[in-house]
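Below is one structure. I have some questions about it.
Just so it is clear, A, B and C label the chains in written order, and each chain counts residues from 1 on its own.
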Amino acid sequence: MKDNTIARMIKDKAFRVVVIFLACFSMLPLLLILYYITRNGIAVINWEFLTQLPRPIGEAGGGIFNAVIGTGMLIVLSSILSIPFGITAGIYLSEKSEGKIANIVRLCVVVLQGTPSIVIGIVVYIWVVAPFHSFSALSGGVALSIMMLPVIIKSTEETLKLMPYHLKEASLALGVPYYKTILKVILPTGLSGILTGILLSVARITGETAPLLFTAFGNQFMNWNLFKPIDSLPYRIFYYAMSPYPEWHTFAWGASFILVVLVLAFNLIARGVAVKWKVQF
Amino acid sequence: MESTVLKVEDFSAYFGDNQILKNINLDTGSNLVTALMGPSGCGKTTLIRCVNRMHELIPGTKVAGKMYLKDDDIYAMEPIVLRRKIGMVFQKPNPFPMMSIYDNVIAGYKLNGIRLKKDEFDSIVERSLKGSALWGEVKDSLHRKGTFLSGGQQQRLCIARALAMNPEILLLDEPTSALDPKSTSAIEELIVELKKTVTMLLVTHNIAQAARVSDFTAFIYLGELIEFGPTEKMFTVPKDKRTEEYLTGKFG
Amino acid sequence: MLEEKMIALRRELIEYATHVEGMIDKSISGIVRKESSTLEEVIEKDEPKANEAEIAIEELCTTMIAQYEPKAKDLRTILMVMKMNNDLERAGDHAVNIAECGLYIIERPELKPLLDIPRMAKEAVGMLKDSIEAFIKEDALLAAMVCERDNIVDNLGQQILRELITFMGADPATIERSMRLLNIARNLERIGDLSTNISEDVIFMVEGRVIKHHREQEEG
């Protein structure tokens, strides 16, 4: 009997150690990525790097200003396109748990989420780039917004489903029409969850490259025009990394570092919003 | 001379094919508390929700018969207009978590887009919170969110929110079921006090509460109104055998 | 809710008690002053009012128990008020009996100057008044003292009996009047007993102690 107990205690300890070890081990890739990017990229970062436009090869210096601005514009554009549709669809799905249309929408969301980003890029090329005969920021925004949609819809639906029914009841009993109840009571109460969803989807598309290859394309120069090609961080990284010039490789590291910082920031802010703004009821 | 605030005439309610309420007839007099009591599932909650037509939110419900609020046919009115005239307090206190105490009280106005001047709102808030015996405890924190309040205080906030709309009748659906005994008796005393200004219809599964607080009691069983009369008489000399059995704990 | 009702109940009982005390006082003073109108008032007006009050108090107690489920002191108070209510009604009946006897006596010549009966009445009414006072003040000590004084009333009753026996023995014509006087004395004695009951009820209400039937003496 006694031996059995000792054996079991050892197994228990061993199991615990293995689990902890594997958990830590799974963080290894992330830590390695952060380490390498920081090590290689941080040296390049300076004010000039962030505020200057790229110089042609041969000239020293230059920066990624257009890429940073471009990424910013794409985020704004895709958010403007995806948020209204995403939230409305999320509201619809949370209200209708059954029904033909609701089920079809849900299916589409699932499929969309699984669609390869490059395919989305190609499709948007046909929709937007071809008719306008030009790569454009707009098409990039469209492609990215399509990628944002599933996340926003899902998180909105889940957040609103968590809203307790008695909240709606309280509002309806005051004689508030149903649509106003949703807009003025349910949505504001679920804001933290919805915002989290938006921030997470932004974090995701910030680093998307494939769709931009066919849509926004990339631009050496600064561009504020929505209907012209626009640069972006992922594209710039791709461009510089694929080039044969060592100087540009270092720039690629620098841009990667900025990109990682940006994505990390969005994720952390999303977490902060989820925790701090969460409404207790 | 008492006037009738709510008149229920041959009222029935159905959920799909199930008949939940069968030919209910009762009146609620002005400035009185009428209690609806009965075992679980007897239909008392359905009845009170039919008064402000909240039961219509569940698909598949149907009603027959009439209900009158003062002289208006409840089922001929717009539900939204009707609900602004009727206040409701629910079993679980449900103040709006995103709003401050001040905004919660005037939520009925704000959410409905009714605009008034700031001092008008101020006086509504003060009057309603005083009416629900909460003013003293929150007057210095009106602009804080109501989540720090205890259960009993939150329920009083909900009562204030309902009172702010000057309802013709206040519906209370088991208002103390989710509260501790101390808060329960505070709310019961409040109800007795509120009689002076408001007519109330109270659903309770607590027989003793109906006895303590109400002026008239309706005993409902399996969807039927078994007995309706002054509380004093019903609890000392009930007319129907089933009422007697319910009161003495033989069932329910 | 219950508190307000308790205050109202106590007030009603005190009013009833005052009314009954008045009935006894009037019935005795009507005999002493030979005022038949006073005695008739006791019988015709005061008694129906007393009966109504008794019914009202009983109903009030019943509904209070049904509606408020009183506990501890509140429960004891309501139960004792119901008992005191009964006792007061009986005291009222005794006052009516005294008045009826009085109506007979005052029409006929006096056997002797009435001294003992008024003295006995004063003592009995005093006991009743003090027992009600003990209820108002919730004074168990005062109530206990009332119980002690029952002996005084009983002794006076015995004295009156002996005196009247002497009268009756001496002259048979005095028998009817003597019997009536004796009746009055008996009624006063009963009023004393009822006051004792009321005092015992007050002690139970205040302290939860039962001193009825001389329980303490047996236990002590």
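Methods note: a residue touches a chain if its C-beta (ideal position, glycine included) is under 8 Å from a C-beta of that chain, and two chains touch if they have at least 3 such contacts.
Here the structure is a predicted model, which means the values were calculated and not measured.
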Core chain by centroid distance, with centroids computed from Cα atoms only: B
Chain of greatest Cα-centre distance to subunit A: C
Computed distance of Cα centres, subunit C from subunit A, in Å: 93
Distance from the mean Cα position of subunit C to that of subunit B, given in whole angstrom: 50
Of all residues in subunit C, the ones touching two or more other chains: none
Residues within subunit B bordering two or more other chains: none
Residue numbers of subunit A (touch at least two other chains): none
Interface residues, subunit C side, partner subunit B - complex: 1-2, 62-63, 66-69
Partner subunit C, residues of subunit B touching it in the complex: 188-189, 192, 208, 211-213, 231-232, 235-236
Interfacial residue positions of subunit A with respect to subunit B in the complex: 164, 166-167, 169-177, 180-181, 184-185, 188-189, 191, 279-281
Subunit A-facing residues of subunit B, complex: 52, 54, 57, 80-88, 90, 92, 94-98, 107-108, 111-112, 147, 158, 161-162, 165
